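In what follows, subunit A forms one complex with subunit B and a second complex with subunit C.
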Partner chain A sequence: MSTVEIRGVSKRYGSVAALDDVSLEFADGEFFGLLGPSGSGKTTLLRSIAGFVEPDRGSIHVGGEEIARVPIYRRDIGMVFQNYALFPHMSVSDNIAFGLSVRGIGREEIRARVEDALKLVRLEGYGERRPRQLSGGQQQRVALARAVVSRPRVLLLDEPLGALDKNLRQQMQIELKQIQRLVGITTVLVTHDQEEALTLSDRIAVFNQGRVIQAGTPGEIYDSPRSAFVADFMGEANFFIGRVARRQGDEMQIVLDDGAAVMASGPSRLAENAAVRLVVRPEKMSISASEASIPPHHANRLAATVEQVVFMGSSITYRLNCAGAEVSVYQQNQDPPRAAEGGAVWISWRATDTIPVDD
Partner chain B sequence: MARQGRSIFALTVPTFLWLTVAVVLPITVMFYFSFLSASPFGTKPASLTLDNYATFFTKDFYSFLAWRSIKLGLLVAALCALIGFPAALVLSHRLSGYWREALLLLVILPFWSNALIRIFAWTMVLREQGLVDQAVHAVLPWAPSVGILYSYPAIVIGLVHSFLPYMILTCYISLQAIDPSLVDAARGLGARDHTILRRIILPLSFPGLAVGAILTFVPVVGAFMEPRILGGRQGITMGTVIEDQFTEVFNWPLGAALSFILLGIVLAILALCYPLLRARFRLG
Partner chain C sequence: MTRRRVLPGLRLALGVTLLYAAIIIVLPLGALVFKAASLGPEDYWRIVSSGRALASYRVTVLSALAATAFNLVFGMALAWVLVRYRFPGKRFVDALVDLPFALPTAVAGIALTTLFAPNGWFGEPLAAIGVTVAYTPLGIMVAMAFTSLPFIVRTVQPVLEDLDPALEEAAQTLGGSDASIFVRVILPLLAPALLAGVSLSFARSLGEFGAIIFIAGNQPFETEITALLAFIRLEEYDYQAAAAIASVLLITAFLMLAVTNLLQARALRYTARG
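Up next is the complex of A and B:
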């Protein structure tokens, strides 16, 4: 069992709260993403689990065992550093073998397991090279092999793909996920690339200023952000500000500042007359040339003018002006463009796609 | 192209001139002296001869001295490494900020004091009734005298003190260059302090250790001030004998020949170590 339980962990550096009462649980075999802006405490949490940082308060349990008093060399936690931290004076094989040899494992077994690890990361035949003689992606795979070869209870990845270019990064994301499934190890991935977190993680925690703002599955985080911060951080979001005019069960009518009415549907804690901020994802909106051609199930409709049409390849991004507010809409690149720059159009979306969020 | 060539020429000429005047000329002159049968500027007419070199190989006394000087060089270099490396390790990996700067300054400070003064200061410390002796007797009044001035250990102490800063600085520089995340990585993989030292820190800082050892060994083999002042009758080394040829006996040709033999021995030792050094340096 390699569950990780983090309970009320805090860490201060001078006046900076690097971690502020963080509580999270990683299930056995789970791939957990830590996401957040720079300086939000992701690395500090990872280093606390690994043992390089001693939290001021709180406790961390791995497999049910409190690890505060367990020295680093007995924590049995694999870590991949942002810069890989490969030993430059050792061959690739010796790098991978390091963790096994310090545990006093026999020569023959080490050789076999290093061989397996090289196969796992598809680097057979590279064992005798020095790290310097490898490409960035290959070095990253050596670091991964070195971290998993001793079969640690938990694998910690601190922005492991940060240094790679976009193509290699996407390829490595797929490989990383495959390897993690294969080894079945509880994995924590730090990244500030939201797409990477969404693609790889079973669950995600979004950090800001040392706090967990929201944790959940990628779907929950993306489709039901609880705060404007999470909505904004996880992809693009259109914001509207208004007041709850009417509530009936899960149905809510909100009057925007400019007088237009918007419907929202879904559980909410908001009372009538409360000020509210709404989020609508750009891909949930449609553009129609006339009011008559709005899809019938779209309860919300606003008039807008097109300011910019950006061709993105698989999709088209429209930047619109909607009663003074800027709104983005993504459309699949299937139909001919529905509007030209400067044209008057209607934007519309379903009531369930209106997400009320906290400020 | 031509203009660039000219400006490089103009920029390097002063350096070459300086090297010629300060290094090549004196050494060439000395090399010439080493083949003379009598001192230059003397009354006796001088002719060219190999006798001075032959002296070294015919008289056991000289090869004994050369061996003694080399052993002294090895001992001092080893002691400097033994003391200097841990000191550099503490400076680079345990301390930071104000304390590190203050201690580094203390390490460099001896460089700025006059070598002669430094060595004479040691005579105050090491002689009978000196500082060490008095301190020991303050605690253990019945102990025998522990003045070790004019002994081999006194020479070693003086030399280690003189050359320790080189060792600390070269080790410090190469230890500084080690990425701290390598140490974290090793620890995370299950290594304990002694394993990290042996398998990560030592190999990666080896260049600093090697350069420090060379910077210590080479001058110690030819040193004459410390042996003379601190060694007394024990203080006869290759360095002091050579110095005597110039300042006391006025046998410049023999002094010059012995210098070149010593230089040859040192270069031969370094050449023997070269393959080993090169292999270790390349890992960088």
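Up next is the complex of A and C:
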């Protein structure tokens, strides 16, 4: 268990910057998610911590110790690979015991610790099986047990749930989080699945083109994205473009390109008359059949036409046309549908749910 | 079951296959066994356990073992280099590996003899340090190693190519040193392929004839291989003795194949993809 400090790490492959001056700090015991599209540098950073990639510049400290010159096998870092990388010729127990036995730990202690690890991932009694006799979820748990059994300082997870189907993935997310809490190892997760990053992480860093675009708690990243990229990458976002018409403290009135006015509330660096791009999350918006039935605390209201109603089970997605722009609104499947396709409706939301972002 | 296939139906395909196998493989081997069996047990035993025959087994088996051991190490290294590294001329080296397959063995034998003869390119410097290759068991070994090298390279290479690099990375993060990863992870995963390569290489070495007779010197009791002894008996019109000696090679090859298949089935049970 240790802190991890990444300072100014860069790595180039030819003319491509895989990592461009990345600095991050992971607290002791923290679950940190690295999120981004493929090729954004998140995996390169993970592999730099593991030791498979040698950064061109910058330093990585684990528990205060600079690890650039420490060989991989002495870094004391556990890793779970995308396709698990279990040793096919060894039993489950031998797989888990590998890290202990190469370190020369005694037979009795290995047996006891392997038993504990199997119990931790709820695979008691599976020790004698071979990896290929297990299901994908079970193999994933063996990989996790193997990575944590030697109590490493840091646990690295490289798309650990990517090979599982959706239901199993959600179940494993909950389990993974519980196990991480239990063992308390500083954990770094690489994923391109924003939902997975939100569910599992204490904090998240969003990567694009080798840079950290934004880092923060899942709530901050989702509710207060600083850029259009982050807003768009983390879930769905409705974009509006306009100009700041009036500013009073934290209150801002923005006039959209089509002339409609929108209120935004919250700290901002924007000056009056500045061009601005706004983000509103689909689930923050409401649909009302008439102007009179708009919730009173919704300061923003726009007329729209329903183009498509998509039934999703727990929710309903409305695709609307709002002055030429496409807008999505999610409604809980609680009330009867509020509009039919082709109908004229009002969409509304609170001023605090209008998020100004950089381009 | 009426699905159309590219090749004609089971009956025709099976018929052709079995007929071919019978004419090309079973018939000659059957004739050989039949010929040897016509000897009667005492005569058979006398021929196959004569001093000269025993000496030829010893020379053949020991040379084949040495050649196979050499190829095991060198062939695995060659496969490793061809799979894991990129270097100029790699495709050329890769193609070169098949040369012993394609080259007429007599050509290989003559070439090796020329190289290793006391006044040859290799022979002369080796003679200076007191090593004689041509016309000694060492020459037999060199010829066997040359002709059987592709077997190990070509069986190990595809398995090595399919080996997930993440396995080695996982072992590294778990604290494994290079040596322990090689011994505990890579070698066991290559074992079935190595076993197949070794047994093919050994079988080929036992039966090699053309490449060896030029370089071996062919002194009875010293550098005479079993295949040559059978050939000599044949030239003396002693067909039964030739068949008897050949049957020893045949039985050895069969036993080896059986043992290898058993071991492979065991090794593959867990490593094969499900």
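Just so it is clear, the second predicted complex is superposed on the first by the 358 of 359 C-alpha atoms of A that agree within 3 Å, B and C clash if a C-alpha of one lies under 4 Å from a C-alpha of the other, contacts with A are read in each partner's own complex, and residues count from 1 in each chain.
Note that a residue touches a chain if its C-beta (ideal position, glycine included) is under 8 Å from a C-beta of that chain, and two chains touch if they have at least 3 such contacts.
Predicted model only: the values in this text are computed from it and were never measured.
Q: Is this a clash or a fit when subunit B and subunit C both end up on subunit A?
A: Partners clash after overlay.
Q: Once the structures are superposed on A, label A:166 by its partner contacts, choosing first (subunit B), second (subunit C), both or neither.
A: neither
Q: After lining up the shared chain so the two structures overlap, which partner does A:69 touch, if you call subunit B first and subunit C second: first, second, both or neither?
A: In the superposition, A:69 contacts neither subunit B nor subunit C.
Q: In the superposed arrangement, does A:103 touch subunit B (first), subunit C (second), both or neither?
A: Touch status of A:103: both partners.
Q: For A:88, decide between first (touching subunit B), second (touching subunit C), both and neither.
A: The answer is both, since A:88 touches subunit B and subunit C.
Q: For subunit A, which residues belong to both interfaces, subunit B and subunit C?
A: Touching subunit B and subunit C on subunit A: residues 50-52, 72-79, 81, 83, 85-89, 98-99, 102-103, 130, 146, 150.
Q: Given the complex with subunit C, which residues does subunit A contribute to the contact?
A: 50-52, 72-79, 81-83, 85-89, 98-99, 102-103, 130, 132, 146-147, 150, 156
Q: What part of subunit C is in contact with subunit A in the complex they form?
A: Checking each residue of subunit C against subunit A gives 164, 166-167, 169-177, 180, 184-185, 188-189, 270-271, 273-274.
Q: Can you list the subunit B residues touching subunit A in their complex?
A: 179, 181-182, 184-192, 195, 199-200, 203-204, 283-284
Q: Going by the contact rule at the top, pick out the subunit A residues touching subunit B in the complex.
A: Touch list, subunit A to subunit B: 50-52, 72-79, 81, 83, 85-89, 98-99, 102-103, 130, 146, 150.
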